[in-house]
Amino acid sequence: MTKIAILTSGGDAPGMNAAIRAIVHSAQHNQYDCIGFFHGYNGLLNDEWQTLTHRDVANVLQFGGTILKSARCRAMCEPQGPKQAVNTLRKHQIDALIVIGGDGSFRGLEAIKAHWEGQVIGLPGTIDNDLAGTDNTIGFATAVTTATHAIDKIRDTANAFERVFIVEVMGRHSGHIAFHVGLATGAEAILSFENCDSADTKQQLDRLINQIQVQQQYNHDSFVIVLAENLWPGGPQALKAQLAEQADIESAVCVLGHIQRGGSPAPEDRLLATELGLEAVNAVTDNRTGIMIGKQGTALHDVPLSHAINAAKPVDARWIKAQHDVLTEYLVKHRK
Amino acid sequence: MTKIAILTSGGDAPGMNAAIRAIVHSAQHNQYDCIGFFHGYNGLLNDEWQTLTHRDVANVLQFGGTILKSARCRAMCEPQGPKQAVNTLRKHQIDALIVIGGDGSFRGLEAIKAHWEGQVIGLPGTIDNDLAGTDNTIGFATAVTTATHAIDKIRDTANAFERVFIVEVMGRHSGHIAFHVGLATGAEAILSFENCDSADTKQQLDRLINQIQVQQQYNHDSFVIVLAENLWPGGPQALKAQLAEQADIESAVCVLGHIQRGGSPAPEDRLLATELGLEAVNAVTDNRTGIMIGKQGTALHDVPLSHAINAAKPVDARWIKAQHDVLTEYLVKHRK
Amino acid sequence: MTKIAILTSGGDAPGMNAAIRAIVHSAQHNQYDCIGFFHGYNGLLNDEWQTLTHRDVANVLQFGGTILKSARCRAMCEPQGPKQAVNTLRKHQIDALIVIGGDGSFRGLEAIKAHWEGQVIGLPGTIDNDLAGTDNTIGFATAVTTATHAIDKIRDTANAFERVFIVEVMGRHSGHIAFHVGLATGAEAILSFENCDSADTKQQLDRLINQIQVQQQYNHDSFVIVLAENLWPGGPQALKAQLAEQADIESAVCVLGHIQRGGSPAPEDRLLATELGLEAVNAVTDNRTGIMIGKQGTALHDVPLSHAINAAKPVDARWIKAQHDVLTEYLVKHRK
Amino acid sequence: MTKIAILTSGGDAPGMNAAIRAIVHSAQHNQYDCIGFFHGYNGLLNDEWQTLTHRDVANVLQFGGTILKSARCRAMCEPQGPKQAVNTLRKHQIDALIVIGGDGSFRGLEAIKAHWEGQVIGLPGTIDNDLAGTDNTIGFATAVTTATHAIDKIRDTANAFERVFIVEVMGRHSGHIAFHVGLATGAEAILSFENCDSADTKQQLDRLINQIQVQQQYNHDSFVIVLAENLWPGGPQALKAQLAEQADIESAVCVLGHIQRGGSPAPEDRLLATELGLEAVNAVTDNRTGIMIGKQGTALHDVPLSHAINAAKPVDARWIKAQHDVLTEYLVKHRK
């Protein structure tokens, strides 16, 4: 009888539970056995696991986090790690390993594949949406939703005080969250890797200051800057200090942080996770391996793991253009 | 100077304000004038309007409803209506009319087009997602989100009581909301136009009763039926009565109703509305007419109004299949 | 060693889990044993139970519903029921029974007390807030919050259409929810037991129609009527029909229903449940019995069960007066 | 004709709009005129104002922020400020000034009173709940709600990673938010002014480390520390560093920040603001002055401004005790 192992790895992302549930249900339809390893790859190294049946995944799809726990696992980057993982997989007579995680997790999958005859299948699970071959990753929609509603709240107080806010959002080294959230909240500025050269912050700063000053002349209520994490040297506090020093502009800083990782998954993430989970079991049946299941438009398809990891996943140029186009005229006019 | 008129018509949908804002901002970039008519087509018939500048659309994208109000307008279905509307458009020297609404609203646009030399452009704005040529309509994502979170709450009490709930969701005559919400909430049954023949409810009822009874044997916590509005003869109360009469199954009814139309738009709707609004102004510049702007995958494109209105927009077959696949094995086994 | 039994009974209410958690934690501090019976009094009749330790109540306080399940139990109203319950309590050598529920649940407690030497303690758990001796019951704040945010959404669409809405809220036979929600949403009318004689609906209807017509003259956006369930003969649909027939006023009906019972408990309910749960264990220690723990102002105190059940708990007159005072002048002027 | 002026001052708080609305409506009932000054006391100094009628306060009670804007105003602390404010009040023939704000705002009121014959009335509006003479201030319930739901989200990711989180909440120099939020989220530790001597952080740190280590032995999922702002020398980042250095405990920091100030007000804040606003107009009628309107239990009463400002408003001892009692036994056992 076919036996599937599941684990969640790396930063947790809302919707991981919905993916686990879909895999378990579909496995049962196919009369496959299913077990889950805990704490990411650590569960494989430490042989920590449980059987998964539909009872174990009842009432989990509406919750954030992951019932299998997650973790980063340094041992998987060392030569012994993957081999030990393979030993555990063989011991349990696993036919296919499905990992829900990001690029680091997929590197682990590739390392296992080098030593193992079973199938390895990845599902894109990260709030950062930085995996090539899929429009969205599981967790991205929820992170965007949470950050959007947080900035809606900040907008209230920013308007009341006619104040400048610098709001840092997550995204690791990409601006998917920054652009989606910035556009969804009507942010007056988005500073991200795609439109801001962090090696030349002087020019960016001049431009930003000019924009704020122009707006203040026009008596606009508030000015929200959405800032991608890891972009600005010194972070948002440095930017705040520079605005104050260079142009006497007072501002407040909010770092949204880990609230973006949790919470009940947005319906979009539940649906994506469900589709991808079901397709992962189809991939097991079809004997496909070395792949991530991705979704582009309305079509599911296989993405070689190496492509998912290594190919660039740039923010769509139309979002960058849109941010330009929705700025009020006077901001644009004075922008260059 | 080019002059654009905007109106929102038919059932209001969260995100309409974001669309208006994007049109106004982009119009200003292009140095076009912009006015809005109130109360749907009634504003054209009664010449009720205001100029729209960026100040009028500040701080609106995060709110549901529509700052231009909406309404249904019977007079537009009579011969005189469109002619009177055209008079108003001529009086104001309008070059292009952009209407955000559903199929009824687009019929009005076509009627105007028959009498008018200006451009007519539609944006798909309806929670029901029943317009062909676009994956999603403005408002659909928010309606799905609201209904999903409502059923999450109902699930709490359903679990506490191990109870059967019949939850009616909106959608007019299509099951887009029903299937998205049903899958996102893990509903045990979805009854919609696509999988349920309302002319033969007897068979459906037998199947549903069987499913509930099987689950009760397996001691599952609760049983949620998502029911599309306008499907079941007599509505959810009739279904409740039939479950009681035929199989002594007690159930509770919730009709989610108009909460699905309101609320702060989901980020997805704000983004879709922004993209479509910007593209509508591009269409004005390019002298395109008789179209709805649609989005499929990540691409925007023109859809002839007649196609948007008349072509079928079926629920994707993969959702219907997914609903089958995520049901627990014992439910499926006994389902036929 | 002292041994406490807990059960939740009647309509579930958000915060019940927080109460269970507080009892279990405090019991452990006092080195008392703790068990929970399932499905309300049915668990006592069927001897269905589990031991409760801090592990069982980890990560439950933020969730609605009840981990002990709830149910109504007709057998407790018959002579044999309470006796059988007492047998189970004796079999497990229970010293104190803590029941979280409403008046029906407390009647069960009194019946048990008549046959049993152990302590019986009630905690007020019902969304309806209809128990005397406590300002608020567990679940009330959450129900008010859910209904308030639902009507906020309805207000969006009501404003867009300048429309009359009739929104039915829960509350059994009292107007606590209706008045709190009506005031919190700025409802133009609240129809509840306290300000509306259901035996003379004619006069109420005339007044309401007058109010709506006056407002329509003043061109106000929308008109929301908050209607207490079980008040209007024929329910909201009858009211809708009467408005149409008598005055040609079109309106839409929303019955908020069971969403008011579920959802993550409001902080206020979590805190109240925690306080009451801790005090219930103090009551066990102090050998108090036959009481409900209530909270008035910031003080906890014992309320005889009979008082909690039988005494009236009217809606505070200041809320009824407030509803009058926040109505716009022209509505009040024309109101009589 | 009696003429009332309103302004909102200091940190904005959700519910301020509901208070303004209630004042305006009640003023109209009494046939009083009403105007609002913008930007706190700056509006008085710069004579920036508008007339307020029921139209201006339609559809505002459900929104955060303040339609009158807010600001801090240094000029009011200088001798000329209050005199200039009084000139404006006289110019407009104001009979009573109602200020919604915190202690700094009330100091301004007192300074005006020293030079002016009109009535001065304060309403407690601050998320920090640090004003004596009232159980709660306007905005406090919303801040607690927002912070609670944010930590619920953080709990998801903390559980998935079995991780320690330090979450800083607002509160200026009091622990009202910290204790309410800590208890409502089941935080494993609350560090606030009331239970933590910031001059002796060494002892606190030892105790905290011990608690974390004990819990890790017991294999608890996650450990959330709610930290009051302005308490820990060096802030949450310093605490994080100390945990790492001294005990090799890895932790993550979240500073909830300004999201706690915004958002749609909780029903509790809308109701409190409505009651207080109505009573403020009663106070005008009754010629009361030099007071803040407070609410204790269910009773409204006058609090001398000096008392509201100067008297201590300690966190209720029962909350501090409750935090002890809901900790799991093993945490308590090892705590001393």
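In this document, chain identifiers A, B, C and D correspond to the written order of the chains, with residue numbering beginning at 1 in each.
As a convention for this text, a residue touches a chain if its C-beta (ideal position, glycine included) is under 8 Å from a C-beta of that chain, and two chains touch if they have at least 3 such contacts.
Small disclaimer: the values here were computed from a predicted structure and weren't measured.
Minimum number of contact steps separating chain B from chain D: 2. Taking the mean Cα position of each chain as its centre, D sits at the greatest distance from chain B. Averaged Cα coordinates give chain B a centre that lies 34 Å from the centre of chain C.
Centre-to-centre, using mean CA coordinates, chain A is 28 Å away from chain B.
For chain B, residues that reach two or more other chains under the stated contact definition are 152, 155, 159. Chain contact topology: the protein chains form a single closed ring, every chain touching exactly two others.
Touching pairs of chains, sorted by label, consist of A-B, A-D, B-C, C-D. Taken together, the chain D residues at the contact with chain C in this complex read 21-22, 25-26, 28-29, 54, 58-59, 61-62, 135, 141, 144-145, 148-149, 152, 155, 159, 180-181, 183-186, 220-221, 264, 266-268, 270-271, 274-275, 278, 296-298, 316, 318, 322, 325-329, 332.
By the touch criterion stated above, chain D contacts chain A in their complex at residues 8, 11-12, 14, 39, 63-66, 69-71, 146, 150, 152-157, 159-162, 165, 252-259, 261-263.
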